[in-house]
Amino acid sequence: MSTDPKNRLDAFREQRSVMNEKILDLDHLGIKRFFNLDANTYKDGALSMQTKELLGLVASAALRCNDCIDYHLEQCAKAGSTKNEIIEALNVAMVVGGSIVIPHLRHAVETLELLEEEGTLKI
Amino acid sequence: MSTDPKNRLDAFREQRSVMNEKILDLDHLGIKRFFNLDANTYKDGALSMQTKELLGLVASAALRCNDCIDYHLEQCAKAGSTKNEIIEALNVAMVVGGSIVIPHLRHAVETLELLEEEGTLKI
Amino acid sequence: MSTDPKNRLDAFREQRSVMNEKILDLDHLGIKRFFNLDANTYKDGALSMQTKELLGLVASAALRCNDCIDYHLEQCAKAGSTKNEIIEALNVAMVVGGSIVIPHLRHAVETLELLEEEGTLKI
Amino acid sequence: MSTDPKNRLDAFREQRSVMNEKILDLDHLGIKRFFNLDANTYKDGALSMQTKELLGLVASAALRCNDCIDYHLEQCAKAGSTKNEIIEALNVAMVVGGSIVIPHLRHAVETLELLEEEGTLKI
Amino acid sequence: MSTDPKNRLDAFREQRSVMNEKILDLDHLGIKRFFNLDANTYKDGALSMQTKELLGLVASAALRCNDCIDYHLEQCAKAGSTKNEIIEALNVAMVVGGSIVIPHLRHAVETLELLEEEGTLKI
Amino acid sequence: MSTDPKNRLDAFREQRSVMNEKILDLDHLGIKRFFNLDANTYKDGALSMQTKELLGLVASAALRCNDCIDYHLEQCAKAGSTKNEIIEALNVAMVVGGSIVIPHLRHAVETLELLEEEGTLKI
């Protein structure tokens, strides 16, 4: 926390990392097991990590959680999904979840720009 | 509606088809456009129909709608996803959406059995 | 409960009435006050009862509760809304809430038919 | 499945048990770990099992899942909560979640009757 | 984006407009059609634009989306609904959606003040 | 509003208090009755205030509302629940509501720190 985050995505990453550490430090067995299970959910299995991150993104967008959207957008980009593929996935979430998802689409498109600027996202 | 549906999946298909027709017969332009847009959402594009049906399934499970789950399970099976891949997708929905999704997982696994019996689902 | 309900709408009305009575018989002050407040919400005020019942219908459809939809559909019909006006309101709920609302639209259109058959709904 | 369930609560218990077994038989590691973690969540810890079952009931009612409500109602009764305490908890869920929770309150009160009849619930 | 927004409502309008343009520039046919369909939903039809904007507001409040609430509040004001009528509609959303809607009621009442200050809202 | 809030919890308390007053000043009978009913919900009854505040916290976390979470965290602390008990309750909400609740868990743990710093929370 010594340096200023350069944008809202960076600020989110830092806050997420600091708070997740504090949560694990609570040493609550159930919470620790859930965090561990959550991390394992997106590893390669019957479906590839790349597909599963798109699934996580769509679930997050349908349930309308910006922090979860930002996290999965970064993971999707790192797993090799292109901008067009990610937009296509977000469109599914919007059609299933309705116009109430649009503000989260605006948020997601802004995050995609930040991921593009820093070179994390393939165009 | 002349014959008895042979199981709950068949009864759902029939009710869905009969009622969708009645809805389109209402001749409401907005509703007709939405139904058309919805159908087009899952066609091959930047992502394949197969992947998009998995996305539709996960959005439906995260938002907890059994009818939507049944519809997308059938579409996933027809698009060539295997039982293991579908279970993997449902697991993502359960982890994101929590134990509240479990009753819908029970419903989905029962539907998968029916799809398997009739030969729609690859094992 | 002496006679068989003639259709699912009638069965719902009976179950709703019997169980609401049992709930009020619990004599829980908070629950009784909430039920009273709920009933008063739709009375004529700055907006007419007719408009407020349409608002209650849209909230129920957006939050995807078939029992609430059935209740408000009947109230809308009794308050004088036409079938076209009610369909128009349900379309708003579907656009805001997405394709996940469609199964509830199917349910609602079936209920409207039952209300029409018994003469409660103006066409 | 050799005998007819004597009421809807019994039918739910049977369907839940049969389908949970089938889900575990899928042998999906993530799902098995989630089911295990879920079961452990309600064991005595910093809060008693009795309090945690009330928490599970309120979360289930606020998220509006009848199957989850039925499951936690039975667990609450077995853990020693009285009918009045359970009604009090359901009232909190209704105030937080609104009138959309009322159909689930009707369902819950009917389930409480069944639990009372079979002697599971203390009055 | 050359001038500082004078308050949070103005900042929202600007962000909404800038991001919507970027979304349409993505040139995704499904998204463009959805945006178009969404805009047409609130035009005069079987119900007036004024009533439909109230329906959109209530759906947005019941589903708890501040950005959607702000957008529909402005549209309601422009369509001629008075402050009292809008408050009446928000009350329906609160009763249906519960105390969880109250933070959004606080947000909405603050937005109404901003709309009043700038002369968009009739008192 | 003459002094700067010392942190985000203080800012929330002030905004909540100012806006609630404005809402009550609207003099809408339904809203006033709902606010009154809401306040009474958490008083000692068949369950203690302490338990009911934990129920309110879990409902708020399952429905994912940070303002509601902050309010009930403070009430839980004032009612005598310890940090460990509150974490245990939040774990139930996370298991029922899924990983989508995790960002709210991060928010809650940060709020607990602020409550600890000011001496409101027992460790």
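By written order: A, B, C, D, E and F. Residues from 1 in each chain.
Heads up, the rule we're going with is that contacts are C-beta pairs under 8 Å (C-beta built on N, C-alpha and C of every residue); 3 or more make two chains touch, one makes a residue touch a chain.
Just so you know, these numbers come straight off a predicted model, no measurement behind them.
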Those chains which touch chain F and also touch chain B
A, C, D, E
Smallest count of steps, each to a touching chain, taking chain A to chain D
1
For chain A, which other chain has the most distant CA centre?
C
For the interfaces A-B and C-F, which has the higher count of C-beta pairs in contact?
A-B
How many angstrom lie between the CA centroids of chain A and chain E, rounded to a whole number?
27
Rounded Å distance between chain D and chain E, as computed from the means of their C-alpha atoms
38
Any chance you could list the residues of chain B touching two or more other chains?
30, 34, 37-38, 41, 45, 59-60, 63, 68, 87-88, 91, 94-97, 99-100
With touch defined as at the start, can you tell me which chain D residues reach chain F in the complex?
37-38, 41-42, 45-47, 51-52, 54-56, 58-60, 62-63, 68, 82, 84-85, 87-89, 91-93, 95-97
Can you check the complex and tell me which residues of chain D touch chain A?
30, 33-34, 37, 40-41, 45
Over in the complex, which chain D residues touch chain E? Could you list them?
94-101
For the chain E and chain A complex, residues of the former touching the latter:
15-16, 19-20, 22-23, 26, 28, 30-31, 34-35, 38, 59-60, 63, 65, 67-68
Residues on chain E engaged by chain F in the complex (per definition of touch):
64, 87-88, 91, 94-95, 99-100, 102-103, 105-106, 109-110, 113
